[in-house]
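Have a look at these structures, which come just after this line.
In the two assemblies presented below, chain A is common to both, partnered first by chain B and then by chain C.
What follows is the complex of A and B.
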């Protein structure tokens, strides 16, 4: 296992298109639900334990070798908002291109062929981690971190928030990121025996309804 | 050591052969009493009648309802369900299992579930729809009685059609829930949450477009087509009355009056 490969995969500069998405932060800022660093912390904490946990578990299960198409269907069932499903598939397709260049692997080729318009991003992330020689727990860490780093970076731009404050939010979440990644990896192990129904399905109603409100806005800085 | 109450209520509906629906099984149990009520000519109506307060901590309550092929069944409740702490402590469990056969229709629309301060309830709702069966499912969760903090409530809702999972979602809130549940990503301080699910193969030919209802003051709802022949309405409101109004409005748009 290469620890450095995890840094490459989780690097914000990895060319997978994540910078164009705010993870719901733009809608929350627009609706007045995020006004300062404390709100950002509460937003990221809630997102981590819901969408972040689900993404981390899907990524860990994919890295563990569970059928990616079954995981893609499980991701659909956990994403009622069509705007979020579209965003997740678009991000998955972009990540797929970068991952196939970085870590060529027949499993990535097979998923790309089966889902030409993109599989859900966490599923692709898990397969990419596996191709890079990383563990399911590594994949869960990458997905969990991404679930909060995207909104934090976006909020710096949206609110002109002090980047030091945004980074402090992420640093304070580190222990909970570890817990979520561990829970996700454990769920991925159960998924191998019991199927995708064993994966967490934690939902965040405001992220789901907010994504639809965001998609209906005529002017947006971020795609989601 | 005695545990709480364990009870299992069962309903089974089938066509009566004369254009109506018969209930060969209508079996209440303990605090889960069932009463047949007047439905429409082709439909059987059933009310869940709380025979005692609860669920209390330690209770394990289960409702199983099956609308067999071609049956028309509508289930409601006479009053809201109030989750209370109970003397023994520990979580209560409330499981609902719904099955809709081909050509059948099932409406599951009980009154609100109220999570009283100090209570701890785990709700599991599973619905399985076959073929061209139609399901309308409405659930409403109220976090705390008026002016009190929320109890601990975890719920999981799973809806399947012909063996494929169309919707799987969990919500955890109240004391002990993972951080951020009341924050700007999850509930944002709202105390009334509702879901309306409609499964209908007609949606495969005529999919619904996403739609939004309500406002920041009155609560808001999103109607979202799922990846499959089903639609989910997610609603968040300041209180139970505004929540019901939102779900009724979205339900009318769907032609699915619950």
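What follows is the complex of A and C.
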């Protein structure tokens, strides 16, 4: 296994469409819930322990070899907002393209064929990690990190926030990222024995309702 | 599977610029239009659609920055049926979507080919950007860089990847040159200096031949694309 493959997969410049999404930060900025770096830290912490944990667990389970179609259904069940489902599938499709180019693998081909409009992004992320020879814990780390790095980058653009402050927010969250990734990997192990019902289903209602409001806005910088 | 150093690089499916569709037929030619904000990209796309739509099967992808203005303008002008126009969202970074991470644009192009194809030509309009914005070869087969005379007649001299390397440079709004004091001869000479043999077209969509010369250039590209089929 190559640990450096994790750096490739988790690189913010991995060409999988993430740059056009704010992870709910644009709506939170518009609603006045993110105004500075401290707010960004609180937003990211909330997202990490809810949507981030769920994404990390789905990714870990996919990397562990759980049936990706069952996980895709589990992801739907954990994503009440239709706008967020659409965004997750769109990003999953974009990630699929990049992953198949980077780590060609029959399991990726099979999921692409079964879900031509895109599977949920965390499921594709986990399968990509597996194709890259990475572990479920690695996949969980990548998903957890993405759940906070996206909003942080977006907020730098939305508020002209000092990029050093935004990066410091991410650095301070690193120990919690490790904890969330470990919980996710543990849940993926249980999932192997008990099925996707064992995966966490934490949710952040403001992210869900905010995504619906955001999708209806005619003027916005980010797709979600 | 995981790749190690002795695995040969063998793309076994189309992730970007492969000139064929999965079924083996030749896909549509993709031409990108880039250039600074307001230089006349959408107006050129609209005029090209009117000039070419009777001879070729066309579709358009727009990359708006924070609205759907460009797509809506094209819809309002009815230059093509609505199902042939798709808007891509770029997250405040139009050059990223056409160069560094082309996945959303590729998906839009492929979806158009699938839903209304087979197509001969897809025009991809970038969101207005700076002089360094160019299209990835993985997305566009050829690119047109559109500047205008009102943005300053020193832009061709300044160069930059768009002006210097685009397959076609269009200097638009020549009708305004007298009003803004731009020296067209100097713009043409500077462009020639930067671009060598690469073509430059001075255009006004408000007078004279309009989009005619650019449409003729696009027809040449289409003929060449088909000849290599």
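One rule holds for everything that comes next: the second predicted complex is superposed on the first by the 224 of 224 C-alpha atoms of A that agree within 3 Å, B and C clash if a C-alpha of one lies under 4 Å from a C-alpha of the other, contacts with A are read in each partner's own complex, and residues count from 1 in each chain.
The criterion applied here is as follows: a residue touches a chain if its C-beta (ideal position, glycine included) is under 8 Å from a C-beta of that chain, and two chains touch if they have at least 3 such contacts.
In this text, all values refer to a predicted model and were calculated from it rather than measured experimentally.
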item: Touching partner for A:192 - first (chain B), second (chain C), both, neither; value: neither
item: First, second, both or neither for A:16, with chain B first and chain C second; value: second
item: First (chain B), second (chain C), both or neither touched by A:174; value: neither
item: Of chain B and chain C, the chain that contacts the larger number of chain A residues; value: B
item: Which superposed partner A:42 touches (first chain B, second chain C, both, neither); value: first
item: Which superposed partner A:7 touches (first chain B, second chain C, both, neither); value: neither
item: Shared chain A contacts, counted only where both chain B and chain C touch the same residue; value: none
item: Chain A partner contacts - residues on chain C that touch it in the complex; value: 1-3, 10-13, 15-16, 65-68, 89-93, 96-97, 100-104, 106-107
item: Touching residues (chain side chain A, partner chain C) in the complex; value: 1-2, 5, 13, 15-22, 90, 93-94, 97-98, 100-101, 103-106, 109, 131-133, 154, 157-158, 218-223
item: Contact set on chain A toward chain B in their complex; value: 24, 28, 31, 33-34, 39, 42-51, 53, 73-74, 76-83, 85, 176, 196-197, 200-209, 212-213, 215-216
item: Residue ranges of chain B touching chain A (in the complex, touch as defined); value: 156, 158, 164-172, 178-181, 183-188, 193, 210, 212, 216, 220-222, 224-228, 232, 234, 236
